[in-house]
Each structure stands twice: as structure tokens, then as C-alpha cells.
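The following pair of complexes shares a single chain, chain A, combined with chain B in the former and chain C in the latter.
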Partner chain A sequence: MFIAPALLGFVVFYLYPTIRGFYFSMTQYNILGTPKWIGFDNFARIGKDPLFWNALWVTIEYVALNIGFQTVIALVLAVLMQRLTKSTVLRGALLLPWLISNVIAAMVWFWLLDYQIGLVNQFLEWTGLSRIAFFGDEFWAIPTVAFVNVWRHMGYTALLVFAGLQTIPRYVYEAASIDGSSEWSSFWRMTLPLLRPVLAMILVITVTGSFQVFDTVAVTTRGGPVNVTRVIQYYIYQKGFAEGQFGYASALSVVLFLILAVMAALQLRLLRAGESDLA
Partner chain B sequence: MSRSTRTKAGAAVAAFAALTLSLTACAGETTPSASGSAGGQAAGEISYWLWDSNQKPVYQQCADAFAAANPSVKVNITQYSWDDYWTNVTNGFVAGTAPDVFTNHLSKYPEFVTQGQLEPLDEYLAADGVKTDVYQKGLADLWVAQDGKRYGLPKDFDTVAIFYNKAVLKDAGVAEADLQKLTWNPTDGGTYEKMIAHLTLDANGKRGDEAGFDKSRVKVYGLGLDGGSGGGNGQTQWSMYSGTTGWTVTDKNPWGTAYNYDKPEFQGTIAWMRSLIEKGYMPSLESVTGQSSADIFGAGKYAMITNGSWMINQMFSYKGVETGLAPTPIGPSGKRSSMYNGLADSVWVGSKNKAAAVKWVEFLGSAACQDLVGKSGVVFPAIPSGTDAASAAFAAKGIDVASSFLVHVTDGTTFLFPITDNASQVTNLMTPAVDAVFTGKARADSLTAVNEQVNALFTG
Partner chain C sequence: MATLTEARADAERRERRRTLTPGRITAWVAMIVFLVLTLFPFYWMLRTALSTTRSLPSNPGSLLPVDFTWGAFQRVLGLSSQAQAIAEGGSGASVNFWLYLRNSVFYAGAVTIGQVFFCAMAAYAFARLRWPGRNVVFGIFLGALLVPPIFTSLPNFILVKNLGLLNTLPGMILPTFLMTPFAIFFLRQFFLGISREIEESAALDGAGPWRTFFRIILPMSTAPVTTLAILTFIQTWNDYFWPLLVGNSEQTKVLTVALGVFRSQTPAGSPDWAGLMAATLVAAAPVLLLFFAFARRIIDSIGYSGVK
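Let's turn to the complex of A and B:
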């Protein structure tokens, strides 16, 4: 009874659109016409679509960079927050980037990193290095988009890790220090293993979110130059909202859904997220 | 030129991934349109949308004038920025909340006609005795679709010209008058390229046409590049050059069914653009990705940029930069050339108050409203008296549009914005392909193969 509002919301805003999405993926459908059933034709087309494979590869590159850096930095920040300071102001400050909307964060970094008038490039030139077209260069574009989102999300991820750290009882550390364990080995032998269930959950959430990167690309590079930042979500948007191919866009979404579902299941299983080493 | 989802919630994995699906699945079914009756008494409230915030005040003046003549009708004006505008219009079609009347664009309207979302205006106009031959030549024809019906009344148009930085010219010892008679060709770029080279300045103070010019450390580029390669129409990037070679974008316009991206005239123009980047006279595509050339011009980093008349007021508003105007160069045809893009107001087929909506469109298309718009000095209205009023209004601000933007209309050197079906698919094919030539990843002749893909859209 008490879950009725949440259940209703879930059915209306998630379940129903999802099922409809599956249905549209089997149709040829431009938003204003009638969907025409074509079975698995859209999926066959995806298999042969070089832009889809390019988008998938670009997205994986982005996720690897984004999650790699974000997780390591967040872990370091969280441990520092726990071991070095009790200041809530400082802890709060780490969250600031996350409070800025994605679009604003992307725009601010876009101008800071601009090739011609950006502060960062003026600094680079001042130090004698050559300017870098961060958002435009084939090599730098994806790392740059990944960096902007690492900057925005690391504080929040750190907070999640920090919450995980709080669940590790103090007596474990006290016992370790009596046994002469250094800070460094305590981290590797106790903190990290005991954090595993929390880290697993964080990874599932961040990897899933990371695969759906869209706004940073939409307000800066728009997929270009050529196809180097055309991430999968942006490709779906283009096919659906720009070209009106909602059937094909839905099919692309289903493929992304399957990839994410498999990845999430694998992560949870490999990291044994359901059990803790604390017992 | 043209050019959103957020939220990352921490929820169950299934709900998370489902978000992806609902993004594309939020499209519902078409709402059957209410049938309006022609010639009925106009009364009630209607909604009107436009995308240019600079124009909202003057259209409010038009709405006030309209209200004075039709006291029983109230017009509510809403403005959305370009990117949100088209998403909102499309969503409105689906949800049944689209505006009664909205500003329409040539790159969008063919698809709206195909989708049956626009109300044909012919019967209403005939009944009210409204003439469509009062506009600048060619503009009214753009809004007659392949079915022979009219889906819009012209409101304003734009052409392209060169904006230059007066201080940069002075430093280079170039007289402003020298920019008025430049010639261009795709082989060596003519006197136009010589000018661009001379106006380019590196960090050591060497100019682009001097020995020892360092193209890796350019301080001021002779010519700016507007945010990318311009894709398949290059409106503000290269259309003013390709138009002087005798090349046309499509086999016929409007409603062509074959594109000409395989022709040497077009590929030569694109190759020449690439050569400017290689020589260091124009910034690389990589360095301008996502930018607006106007912003960089405003920061004093460009001597000249090519841009459209809708940018005039912004281009003349930069503090510390004195801006001048020149016409685009004369090409191999012996003439200048400019893309001629016309906007119109259209009535949504689902409007609940078509009688009032049509009356408002007729008023927007009349000299009464367009002269008001002209006097505000923001855009060029489609009715000649309105165009003249705009020219005078700009002149009063010290901006000479007559010899730069309007010279194309006076001399008849405009060509129409290419109108075809499948416009957005053509754009999504051509943008990466032309980008690749600009970045040097592909040769200009690679566009021949892309042209085959483009034309396959029309035969398949």
C-alpha cells in the first residue's frame, strides 16, 4: 500500500516506456506516423552500421578513462577525508562541482580549454608548450570530455566511498596499528578489501551512468570533429530526434540496454557484491 | 548553423538502464488534428513562437498593432533558443501542444509537410485577397511545397557578407576600400587569398605573406572559421565561394532530388578551404570545434570572418573591436554570390483557432508589420519597403548593409538555400565527410562517394 506511489511512478515512467521502447525497436517509425512492424530488421542494420560500431568504441574509450580516473581519485579523496580532516566545509567543497549542472560545467571547461582564447592554452603557451585543441583534436577530444566529467563527479563518488569507509569499524584499524601495520599496508590489506561491496555498487552505478554520457558532448563538440566524439547516446539522439528515425533509435537503445545489463550483472558477480569480508 | 537529457540517479540497475530506453520511447501517438473552418470569425487567443530573442520586442509591437485592428484576438508570444525551439515544436506536434503559428525554417519545413503538420494557406489567402507577389523576388516561391500548396508567408531573409576588424586592417596598412573589390578563384584564391595572407599575423610580428612566417604560432588569423566545416551547405563557411563557380548544391531548387557534391567546382572550393588551414591563414577545424567565429572575432583574433546578416547587431556590439562590413569576393563567374535564406510564418495543422491564426500570419506578412520590424534594425524583412526601412535603420547606427549584405539582392547574385527532402540525413552524412577533408584526413575527391550515399536517400 505504502509503495503504491513509487510503484505507480515506476510503472508509468519506467516500465511502460521501456516496454514501448522494445516495441518501437521492432518497427519503422517516425514520431508522427504509424509504427510499421519490421521484426529484427533494425538490429540487422545495426550490425552493419559502421557509425554504431564507431560510437560503441568511442563510448568504451570514454568509459574506461572516465571510470578509471574517477574511481582512483574518489578513493584517494575519500581516504584523505576520513584520515586527515573532520571539516564539513572541506568535505562540502568537494561536492561543489557535482552541484553544477552538467551543461554549465561543460560550457565553463569548453571556454577555459578553448584553443584560441582559453586560459589553459594561454598558460600552456606562456610555459613554452604548444597549444592543444582539447575538444577538437582527434587524440584529445575524448580524454577531455572524460576529464570534465571526472572533475564533476569525483566529489560525489568520493562521498559514496567515504560513506563506505564509515562502515568499517574502528577496532579493525586499532588492532592493525597495535600489530605494527603501516598506514599504507592498512589501506591495501584492510580498507580496500572491506570496501569491496561498496565499490562494486559504485562501479555499477558509475559505469552505467558513464555509458550514457550525452550532455557534455551535446553542448561542446556535437559528435565531431568527424566522428571522434560521437558517443552512443548522442548517436541515438541524432537518429531519433534529428533524423526522426525513432524505430532505429529505439533499437540502438535496446542494444545499449542489453550491453549495460550484461555489464552490470558481470560486475556484481565478479566483485561478489552481495557479501562482505567483514563477517 | 543549427545546432538534451540529464540526471544520473542512484537507483536499481534495471531502472537505470531503462532510462536509456525511455529517452527514445517518450514519443507517443499522433494526435488527430482538429479541423478548422476557413473564413470564420477570428476571435480568441493564439500562441506564436519564435527563436530569436532580439526580435521578440518588435514582434510584440506587431502583436499590439494587430490587437488594435482585431480587438477580439489575443496573441501570446513565446521565444525559445534555436536548439530548444525545434525540439519543442516537434514535441508539441506529438503532444498536441504546438503553437498555432510559428516561425519556420527552410531546412525544417519539408519534413513538417511530409508529416502533415502544416496547414496549407492557399484557400485562406485567396478568400482574404492576400497577394504573395509583394515580397523580394524568389522568397514566396520557397514556401510552396511539392504538392503545389503554400505553407508559409515570407517574413525576413538573410544573406552573407564579410565582417572585418578595422584596427587589424590599419595595422596591416590595408585601406578599407581595398576589401570592396576582391576577387577569388579556387586555384590560387586570387586577390582575396593575398589579402587573407597579408592580414594574418604570427607571434613574432611576421605576416602570412612574409618570409619566415610561423604558421604554428598565429596571433591573428586572416580569416576565421565558423565552428566547423559547414557540412553540406556551408552557409557561413564556403557557400559564398562555391556559388561563384557556377556550382549548385542540387539538380534543381527547391525540391531537388540529386545533390552535386561530386562536382569538381565544389570539391575545388573545399580543397581551397583546406589549403588556407595548411598555410596557417585560417584556424584548423580542430581548434574551432563547437565555437562561434563571432566570439573569437570579438576577442580580436580574426581579421575577417564571413557570417550572416542575422549576426549584424552582435558583431557591432563588441567592446574594444571596431567592426566594418564588406561584400563577399567576386568569383570565376565574374559576380559575387550569397546564399539566400528566407524565413516564414506557418500555421500548425492542429491549431484550434485557425481563423485567428491565419489572420495573424497575414498580418505578419503585411507591410504594416514588416515595416515595423524593418525600423527596429534587427533583420531584413521580406517586403521591399521593410527591407529599405531596415537598411535605413542600420545606416542610422552607422552600419552600411546596402553595399555588403543587400548588394546581393540589388545585383541578383543570391542563390536559394537548398530545399530537399531528407535534409537532416544529408546533414548527418555530409558534416563528418566535409570535416574529414578540413582536417586533412580525407581528400576532397572522397566526397564523390559520400554524394552517392546522399543520392541513394532519394532513390531508395
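Let's turn to the complex of A and C:
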């Protein structure tokens, strides 16, 4: 009885669509007609689709930039917080960007980075550098989208790392300082290894989320210039909803699903997330 | 012994706080740089929203509002006349801001209430009631956490369409109204921590599971339930992809979806930046207010929900 509503929700909106998603991926289906079974044809087509490989490459580029910067900055911020202050106000301030939507974050940076009258370009010109069309330049577009999302998530990720830091007992540091270890070396030799299980979980969550980047692209560049920001989820959206190739879009999302599953499994294994060095 | 080491650690920390070593100064400088980077865009939103769009290009680097006016906010809220809006650099097109706001409130509100309530019931069943297959079902529910949202979004879109609920608020709300795996998982953890003795004594008094749930479990869990509700509300309020798929008609647009459109209304080649920034501020306001009211609770919950 207690479980009934949730079970209904699970079966209708999670289980059934998951099965149906696999089924659709094996069909030719434009939204108006009925699905027609074509087996693995969609997947064969994906293998030969240059736009898919482009989307995959662009997404990986984005994920690498986004996760790389976000994780390092979050780690630095978390250690700074732990060393300097436990202030809730400060943590709250760092969390603010995470509270606003991707759409709003994208808008604000779209404005700050505007080519003509954006503040950042004013500043670049003032320092004697040349203006950059951040969202419009083929080289800068992906780093810019990645930057916007680093900005939105760095405080949040820092708080996750910070929570992980709290689980490291103080005696570990005390022992290290008695042994004459400097802060720098105790960070590399104690903090980081002990933080590994927490970092592994955070990485799995952020990488999975990062692969599904959509909002920022949809609001700012819409896949352009040319194809340099057409990330996988945006490509799926275009195929399924703009071009009505629903079967093909489903097949693409199956591929994305598999990539994410493999990534998660790899990360958990490489970082040995389950084990802690503290035991 | 424990207190002794702690006292010493305290003393050491106090000492460290007093002495400003070069290392600590560098650390503070780094922290302040990050803080400025985090907060400055918010100030810039406000500064731009209080400017006149037409005057912005003439003084793009000014730290203060250019040609101060409340016009952008009036424009967004539909309080200014068309002529006035155009004079300030707005598009003059009417923006149904109040409708979008209502949709956002309804969408996020309904999802939050339904999800938290039904997930609390389910979490109670998983944490306390005994029934065959309980752990298996829980395992399968958790498995759903691994399925990326985009994957279920496509078939769910077809489902909502077949139900005839495309471009209706119920169609937008339904998929997350009854459950999300995360919400169940989150609440179950708390329910597991509630002492069984209280329930047992309630059972001795003849209270059934429903009575126990409403009179004992829920009142004892107001903190986690509120936290979950706030997090769910914020997340749903910020949703973009799903409402874009199933709620992209004029009548059902939520604020995030509408803002995307607002951007593309470009009079004179460049967007109405002041209006846009005013709109983003107003759209973000409810969540920011919620945050300021419950800041400590939200901040404390983050380590918990994300890692454990």
C-alpha cells in the first residue's frame, strides 16, 4: 500500500520507458507514424555518421575541460575552506551559482562575454589584448561553454569535497605535523589518498552529468559555430525533435547510455572507490 | 585524553589564526579571488538590469548602472507601456511573464509536493515494513539512478504525447510526481535511523502502519523532509530540458524555457540586455529567497546527499 504510488511511478516512467527506449532504437520511427522494426540498422548508421563522431569528440573535449578545471578548483577551494574558515556565509556565497538555473548562468555569461559590449572584452581591450568572440569562435566556443559550467558547479563540488575532508580524522594531520611534514607534502601524501573514495564518487557523478550537457549549448550557441558545440545530447535533441528521426535519436541515446555505464565502471575500478585507506 | 588533545588542537588553531604567515595570506587572496569570480556576475546582472539598454553601448565598462532606471523590471513585469519599452530599448512585444511565473510555481510546486509525499511513503515501506521482495525492489529502484535522464526522456515524451498530455502542465509534472529514486534513497536513510521502540510502543497502543507513519514517522522527520522538499523545488524550478520537450507552448512555458525565447527577441540587432538581466533576476529570485531562508540546512545537506 505504501509503496503503490512510487511503484506505479517507477514502472510507468522509469522501467517502461527504459525498455521502450531500447525498442525504439531498433526501429525507424518519425514521431507521427508508427515504429517499424529495422534491427541494428540505426547503430550501423551511427557508426558511419560523421556528425555523431563529431558530437562524441566535442562532448569529450567539453567533459575533459569541464571536469578537469572543476575538480582541481573544487579541491583547492575545499582545502582553503578547511584551513581558513568554517564560515557558513562564505560557503553559502560559493554555492550561489549552483542555485540558479543553467539557463540563467548561460545568459549572464553570454552577456559578460558579449563581443561588442561585454565587460570581459572591454577589459581585454583595456589591457591591450584583442577581443575574443567567446561563443562565436570555433576555438573558444567549447572552452567557454565548459567555463560557464565550471563557474556554476565549482562551489557545489567544493562543498562535496569539503564534506569529504571532514571525514579525515584530525590525528592523521597531527601525526604528520609531528613527523615534520609540511602542509604541502601532507596534502599530497595524506589528504589526497585519504580523500580518494570521496573523489571517486564525486567524479562519477560529475562526469555522468557533464556528458549530458545541453542547457548551456541550447541557450547560447545552439551547436554552432559550424558543429563545434554540437554535443551529444544536443544532437539527440535535434535528430529526435527538430528532424523527427525518433528511432535514430533513441539509438543515439542508447549509445550515450552505454558510454556512461562504461565510464562509470572504469572510474570506480581505477579509483577503487569502495576501499578506504583509513581502515 | 580525547579532551586534552582537542584542547591542544584548539589552542594550536587559535595560534595559527593569529599569526598571518605568507602562506595564509596567499590562501586568503586565492579565496577572495574565487569569491569575487563567483559573486561578480550577480552584481553585473543587477547593474545591467538597472541600466537603460539603449545607453549600455556608450558606457559598457561602467561599474555603476548606465542611465539608471527601473524600466527593465517594469518591462519584464508588464508594467510599462509599449512606447516606453521601445524607447528604453526593449522589444515592445508583450511578455507573459506572470503566466510563466505561475507555470513555474505550479510545475515546481506540484512536483515537490507529490514527489516528497509519495517518496516518504515508499521510503517508509522500504525502511520499516516487512513484505516479500522488499530488498529486490529497492535494488531495482536504485538501479534507476544509473539510467541517464535523456534516455528516459525520449520514450516519456512519446508516452505523454500518446496520453494526450503534450503541452499541458500535468504532462510536465507526471514523470517525477510519484517518485525519483534519489528521493526514496534519501528519506529511507533517515527513516532507518529512527528508533524502533517508539514505533513498537505505538503498535502496542493499537496504531496501524498508516497512523504510525502520519503521527510518528513524518513528525519526527520534518528536518530531512523539508531539506528534500527544498532541494527538489530548486532542481525542478531550474529544469530546462524536460519542460522544453513537453511544455513548449505559450500557455505552458516555464520561466527557464521562456527566457530562452526572450533572448532571441532582438530589436536593433542586439538583445535587450537590461530587460534580459532583469528577467533572469526575477526568475532566480524565488530560489534565492528560499536559499536565504534555509541556507544552513541546504549547505549542511550537500555533503550528505552527494557523497553518502
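The rule is short, and it goes like this: the second predicted complex is superposed on the first by the 267 of 279 C-alpha atoms of A that agree within 3 Å, B and C clash if a C-alpha of one lies under 4 Å from a C-alpha of the other, contacts with A are read in each partner's own complex, and residues count from 1 in each chain.
By definition in this document, contacts are C-beta pairs under 8 Å (C-beta built on N, C-alpha and C of every residue); 3 or more make two chains touch, one makes a residue touch a chain.
Bear in mind that the values here come from a model prediction, so they are computed numbers and not experimental data.
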Could you tell me whether chain B and chain C fit or clash when both sit on chain A in the superposition? clash
In the superposed arrangement, which partner chain does A:257 touch: chain B (first), chain C (second), both, or neither? both
Once the two complexes are aligned on chain A, which partner has more residues of chain A within touching range, chain B or chain C? C
Of the partners chain B and chain C, which touch A:226 in the superposed model: first, second, both, neither? first
Scan A:204 for contacts with chain B and chain C and give back first, second, both or neither. first
Once chain A of both complexes is superposed, is A:266 in touch with chain B (first), chain C (second), both, or neither? neither
Between chain B (first) and chain C (second), which does A:13 come into contact with in this model arrangement: first, second, both, or neither? both
Which of chain B and chain C A:77 touches, first, second, both or neither: second
For A:30, decide between first (touching chain B), second (touching chain C), both and neither. first
Which of the two partners, first being chain B and second being chain C, lies in contact with A:136: first, second, both, or neither? first
By the touch definition at the top of the document, which applies to A:242: first (chain B), second (chain C), both, or neither? first
Dual-contact residues of chain A, meaning touching chain B and chain C, are 10, 13-15, 17-18, 20-21, 24, 31, 101-103, 110, 114, 116-117, 205, 208, 212, 214-215, 218-219, 233, 236-237, 240-241, 246, 249-250, 253-254, 256-257, 260-261, 264
How about chain A: which of its residues touch chain B in the complex? 10, 13-15, 17-18, 20-22, 24, 29-34, 101-103, 110, 114-117, 130-131, 133, 135-138, 141, 204-205, 208-209, 212, 214-215, 218-227, 233, 236-238, 240-244, 246, 249-250, 252-254, 256-257, 260-261, 264, 268
Touching chain A in the complex, chain C uses residues 5, 9, 23-24, 27-28, 30-31, 34-35, 37-39, 41-42, 44-45, 48, 56-57, 60-61, 118-119, 121-122, 124-126, 129, 131, 137, 140-141, 144, 146-152, 154-156, 158-159, 161, 174-179, 181, 184, 209, 213, 234, 237-241, 244-245, 256, 259-260, 263, 270, 273, 276-277, 280, 283-284, 287-288, 291, 295-296, 298-299, 302-304, 306-307
Interfacial residue positions of chain A with respect to chain C in the complex: 1-3, 5-10, 12-18, 20-21, 24, 31, 73, 76-77, 80-81, 83-84, 88, 90-97, 99-104, 107-112, 114, 116-119, 122-123, 126, 151, 154-156, 159-160, 162-164, 166, 170-171, 174, 183, 198, 201-202, 205, 208, 211-212, 214-215, 218-219, 233, 236-237, 240-241, 246, 249-250, 253-254, 256-257, 260-261, 264
Contacts from chain B onto chain A in the complex sit at residues 3-6, 8, 10, 13-27, 30, 87, 90, 93-94, 111, 115-117, 216, 228, 283-291, 295-296, 299, 301, 424-425, 427-428, 431-432, 435-436, 438-439, 441
